[in-house]
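After this come two complexes, each holding chain A, first together with chain B and then together with chain C.
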Partner chain A sequence: MKLMSRNARRAGVIFTFAMLIATVALFYVVKTEGFRAWSAVALSATVVATIVMYVVFYIRTGLWRFVHRDFAGYDEREAGVALGALRFAYAIFTVVALGLMLIASATAFEINVVLVAMLILTAHILPASVIAWNEPDIEE
Partner chain B sequence: MESRKLFNRIAILRNERGMSRKELAEAIGVNYQTVGYLEREEYNPSLDLAFRIAEVFGLPVDFIFSTEPMAPLSQELYRLKKERE
Partner chain C sequence: MRHIEQSKRRTLIVMNYIALVLCILCFVWATNTHGNVLAIILAALTFAGLIGTAFYLYYKTGYMFLANARNRQLLDERQSKERMQAVATSYAIYGVYSILALAFFTWFVNENGRTRIPVLDIDQAIFTLAIYLVNILPASIIAWTERDLPAGEE
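Right, the complex of A and B next:
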């Protein structure tokens, strides 16, 4: 994992999830109001920002790999950190997914493919995000 | 059960032997960042890892790890010297 301060990692997590939420929100705006120049530009920008954050913040820093590598590659501390992050991420994702389903069933809110895709991406990056959020500053 | 904080002398022993964190990490089979966590006493090692660290330094485990804050080595030496006298 590349050395980044905890504040920088937290800022990266917040920005990524802000872009994910903005993408979904803009898609709903586009769907209801139709394509307009500003919404098309904003939607493109959030999608690009999400992809850039995924590649630059999660892949290149090794955060994603930290929770997606062979278990034999962990030392005992790393195994504990990865398992704790996976457990926590699973709990968060369950609450978010069930909450959205509850809202959708109780209101006129419609779950569409973009929202599902963003939920899948969320599930994919959530364990790495938990590690980025929780790990203390690492010394060289 | 909440584990107790373990104090250790890993940093001072590593520096005394002129080892880098990477060298120690390779010798005990962990990531070098884990050595940093151990030295800052932010992570309690398993018994197996504690023994591996003790083997690398050639010292007993209870000289490297303690549940009580550890006195500086110079103070320990002075105490031993006084005991011999």
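Right, the complex of A and C next:
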């Protein structure tokens, strides 16, 4: 796994989720106000930034692979880290999903395909994000 | 921790989920018929079945503890990996369930927040199922997959 400082990892996690939220928000803006030059540019930029962060921050550093590999391959410490991350991600995702269901059921808020796509991506990267956020710096 | 044979555990899990579905259906029936007595009685009976099977299967056997133990030091390596597998599978199942529930709200709920098909006024059922699944799924998966202990180790 490629080494990064904890601060850099935390900045990466914050930036990725900020881009995810911005993509969804901008899509709703475009849908209600129609396509304008600034919104089209901003939406494209956030989508590109999200994809770049996914590839550079999660795939290339090995964070994504760490929580998506065969469980038999973990040593005791890795198993503890992965289990903690999965449990925390499960709890967070549960709250987010229930909140969205509640909003969708109680209000006229429309769930669209971009929100669902971002929710799927969030579910995929959450465990890796928890690890990136929590793991201490490694002394080289 | 009381040990139950794998085949019996699996039967209990299936019964538990059948009781859950029947209970929700009876509550939906009672809601849509404005308090039909038969629907209320059936809902109460299935609810008792749901609680009974859940208590016996998850609480008495300790699977609830195994799935929700806060302190990892209390688990050995095998239990830790079993639990990780269970949480990962639960996470995947719950993710799919959430997406389907959101799709339901998008396609079948109109702008006033009511379902387009009156018989399917099942918002509360979807929430109830979601909350129950979140709590029970990891324990269910551990109970379903754990092998029987060799004879003499019970």
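Simple rule for what comes next: the second predicted complex is superposed on the first by the 140 of 140 C-alpha atoms of A that agree within 3 Å, B and C clash if a C-alpha of one lies under 4 Å from a C-alpha of the other, contacts with A are read in each partner's own complex, and residues count from 1 in each chain.
Going forward, a contact is a pair of C-beta atoms (placed from the backbone, for glycine too) under 8 Å apart; a residue touches a chain by one contact, two chains touch by 3 or more.
In this text, all values refer to a predicted model and were calculated from it rather than measured experimentally.
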After lining up the shared chain so the two structures overlap, which partner does A:F93 touch, if you call chain B first and chain C second: first, second, both or neither? second
Taking the superposition as given, does A:E33 touch the first partner, chain B, the second, chain C, both, or neither? neither
Using the superposition described at the top, determine whether chain B or chain C touches more residues of chain A. C
Quick one: classify A:P136 as touching chain B (first), chain C (second), both or neither. first
Who does A:E76 touch here: chain B (first), chain C (second), both, or neither? both
Chain A residues where the chain B and chain C footprints coincide 76
Touching residues (chain side chain A, partner chain B) in the complex: 1, 75-78, 136, 138-139
What does chain A use to touch chain C in their complex? 71-72, 74, 76, 79-80, 82-84, 86-87, 89-90, 93-94, 97-98, 100-102, 104-108, 110-112, 115-116, 119-120, 123, 127
Using the touch definition up top, name the residues of chain C that touch chain A in the complex. 72, 77, 80-81, 83-85, 87-88, 90-91, 94-95, 98-99, 101-103, 105-106, 109, 111-113, 123, 126-127, 130-131, 134
Contact set on chain B toward chain A in their complex: 29-31, 33-34, 36-37, 40, 42-43, 45-46, 49
